[in-house]
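Naming follows writing order (A, B, C and D), and every chain is counted from residue 1.
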């Protein structure tokens, strides 16, 4: 159960940070869909580390190998299995984690849950590494959605106190999404991006880390995607987005902002375009009414906590000795995972939407 | 798919606002659990309307009838089915909804999704009515969790701009939860509650509505509840909480607040109590690390939008005539559903936690 | 898990032999489908007992009440919930079962599995009573399938040594199915039916019971229904058919007969009709190749064991005293459940096929 | 959906006959279980072809590579992914299958279902090749079951008209199972085995094929394994056994034989052993009552059709030309897949039983 998602398009992710390989099985895709593996690899490369000053110097070299599910480059009804060999892993870095759980990590909860049998190297299957197959699966789903006129794009809305401007929830276009997604550091306003990089760099120098918020939008959804009650857009999207490590909150449309609004302010009024299409003048609902797509842009924001791995000394416990101690997390870590998480959020949204899209057929 | 939830403890909700009855089937409960139906009814009564000035004058009279699944008042391995007859429904109120979708409601999306075949009376199966069986199922799960030392309680954290104080995420006790839950208007500070009631009353008088935030906590969870990746605490809880109409956001622990923190501020440091128990000094993580319970209080906050049904005139469209028009939603509506939603959030948490608890066994 | 079935069209059955009511929730049906409840009731009546000499004198009076899911007599996207009140139950008949498990029944396994908490009255939720909601759900699914040109019908292929002739697996028509289904004792050859009734009557007089075989066919299936591997026609159908108490075997097409054939005998050769339609000259495969419908009639046979409840003295144990004893099952029982099981097999096939049909869309 | 199985222990199989690799992801296994990969490989080797005169000369060289899910040779809570590279595939053999469907194969149904996009080489993902990962998953589950005192073994009960003796359904021992399983041609009576080999060899020489029956038994099951209704032992086992290509029937205990018995003959009478253990004197029920294990040996028999691929000329159609034609299936094929299917049936049973065993915990 735990590592699979979806009712119609089912993905099953496997692997640990330091296992021989990680990967994903994607079942239930529509057939005859051409998949551009190079484009999928480029999508995946967006989450790769070591590209620059503000992320970890590790080179992961995540090269995807698709071993099944495609025939003449098209989906053929058999599940796709994509593998990524784990390379450049330094197990010795992690020897002490078995004894001293890192604050903010799953080391402690996994140790107890799995009675000490979990793979503690690099966070095991709780590692951010597992978002690589998630991204690949998302890239595949996204190609299929785009063929149906649906586009998805995300940007960094904030890092610490520095904010980017928000997407226009009513008029955002496919072109605007494509442009921000193409950026090496995806913000709408480049100036804000520069400030954010500086904040991240400063945190690195101080052996600290910072958090932030990602805003993700899907446009071109037909009206009617999403099932009532437990399979609504919000339920489906949140359940997969929270599978991305470090996410602590998610909101749709106006989100927590609705709590301070009056109904007369929050309600989005319907009108008919000259084209005859029914739209809303505002989009506080964020594209979902009753868990079902309204045809307006689908807007979510997700909060990411600062990377728990910091080199500053922190108090923790020695499980073996049963006493308090202190720890400085060595090894190579991102001072901020938000930039690398941008494609992960897009991927999660793509997977959830294709699953619901297929259920809707 | 759409109306059922759970992997181990599976609930399946049925009914529409104006169908003969609504209810729920609960499958997979542990056997031999005594269920106090009167206590469950009292729990359900907390969401009943018409109790006071700040909620709708409708009398729903939600009397639950359990028709299966209990033997000598104990779970017996067969699914529990609980029914609530729909009474006091005024269908005539809703005749126009088929043509003129209410802003902020699922009328429009349901009309398109179901090609006009949906039950449009009172929101059909998108109605808040369906949270009644959810509450009953939650009450049943909660009794089983309490027998295992787990307590759940929620309060109104804010209505519009008026805030209540937050639970103490580290030291909150079972007794404090019981006390706030027992209140007719559940806030920690009664003064804040009075202010909130006044805000709601004012909105009613103006034919408007207001939103708010509910904070819900579970204590007594053992370490290890929650499955990795897609079945983590956050994924499971959010997917069911978003099934409650009007929820637009959810956050865990520090939630969106983490975005502006440094790792050195956000990380919760482990220490060993004299009892030998491992805890964290702070609880920004909100009781979940890697989607798995840490043993610290599990803390969530959910944002509710203002009731979309307001008597003020609003622009909308006539689907039949295909032209713009205006609408004033008549009938009996809550100017604020937050107070009635408090037990719904507790119920959703109880169902999700028991499902994960049983998976953990 | 245990009491729900289906991936797209999900049914959840509830109730025990002596609970207040039994019923079923049906979720995921296509919308806008008119459901003729009187026709569904007539279908259900086919499994009713007390109709004649060869079945139990009990009058079950299974009147179905649909409390949700239909609007203007059509499916509306909300789950259908159908209830049957349990009436005319004599609990005293069953008092001793708690102590002395009936040979051939689930009394013993349920007692151990549920640690003595199961509802032992009349077999609890293992009772044949639960096939009533199954039949209702099947009747609903069947009406939807018939609207798509698919017909299902079954007959009694054998009772003890007495055989009826088999359906023509290649040329069976809708009309022939309708005719046999309309019979009060469904056999193709009435003479065989009379012999079977005599065998059943004789068994009753001797305080014994007999078993038999039911053959069920679906025609009009398009090519392509069924998913590969674990969701093939055989997997789906067998998993629901075995939910009918007393079924001990199932076979498709030639079934166990294939074991003694050569490939050159068993292979069904393809040819093109003048209409351009591709068919097979024979139908040993029974309408399924690779788990997917071939367009030929889908043919299954299921073996039913003799009713375990017999009045003859039988050895058993007293769980309480922990010693061997003997038992004579009193109360009212069918000397042969095969005649009443005919609509149950049709219903099971209808549910499984609609689920796969919707998955195929 | 289609390629995954299980509620608690979930397996997801991927690959096609001629894809780069095939494999399986196994999620939800209990943690801390040591897995002997060499023993698993030996189990898998039992289904390997090319070992002798009566199977295909192809050398498949199915070497399993486990890329995740084990840490220090033990299950660690992360899914196991096992890969088998596809080698020695001759794609040219299969070029014509796209146009001329082989009688008895899924070529035709897959062509229609997947609109011509399916991987038609060697049967694509309908190929018997996919039973290799099934066998590996079964071997893993079997090691875990054996640690709990449960043994599984199967033998060839019949090939064409030649029968082996049956297992003793009441007194079969672990040692007897181990002995028959260790045989290169698993029959209880070696004489019967020699006759069967001769029948298979003769079929090969005539360019034909033969079918047979496999009997499989599990012993050591505690009382209580299996869920009511749709997740009973019969439902679970049949749904996975029918995923093995060529299976056309399955029966439990007395199976179809019950149809000709009286209740007084078929009922298995309970008695208490001197040990205090409750058993039945006979085992017509085959170890399952109400879908739940009774503690008696679990006995199933499955019918396998003769291999559809035969070199004899057969009538078929040219989909391209839309006319009738004839076909002689070239390439390397088993004249009888029954011997190689023996471990597949054991594997299927092991997977289903571990899934139910974990649900039972």
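One rule holds in what follows: a contact is a pair of C-beta atoms (placed from the backbone, for glycine too) under 8 Å apart; a residue touches a chain by one contact, two chains touch by 3 or more.
Note that this is a predicted model, so its numbers are computed, not measured.
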Practice task
Name whichever of B-C and A-C has more C-beta pairs touching across its two chains.
Solution key: B-C
Problem - Averaged-CA centre spacing for the pair chain C and chain B, given as whole angstrom - result: 39
Problem - Centre-to-centre distance between chain B and chain A (centres being mean Cα positions), rounded to whole Å - result: 26
Problem - Whole-Å gap separating chain A and chain C, where each centre is the average of the chain's CA atoms - result: 46
Exercise for the section: Any chance you could list the residues of chain B touching two or more other chains? Expected result: 1-4, 7, 13, 77-78, 110, 113, 125, 228
Problem - Topology of the chain contact graph, where touching chains are joined (line, ring, star, complete, other) - result: complete
Practice task
Could you please specify the touching residues of chain D with respect to chain B in the complex?
Solution key: 7, 77-78, 228, 361
Problem - Residues of chain B touching chain C in the complex - result: 1-4, 7-8, 10, 12-16, 19-23, 25, 27-28, 31-32, 65-69, 71, 74-81, 83, 110, 113-119, 124-125
Practice task
Under the touch definition given earlier, write down the residues of chain D that touch chain C in their complex.
Solution key: 1-5, 7, 13, 101, 103-106, 108-110, 112-113, 125-126, 130, 158, 160-161, 203, 208-213, 223-224, 226-232, 234-236, 238-240, 242-243, 245, 247-272, 276, 278, 280-281, 284-286, 289-294, 303-310, 312, 314-317, 319, 322-324, 359-360
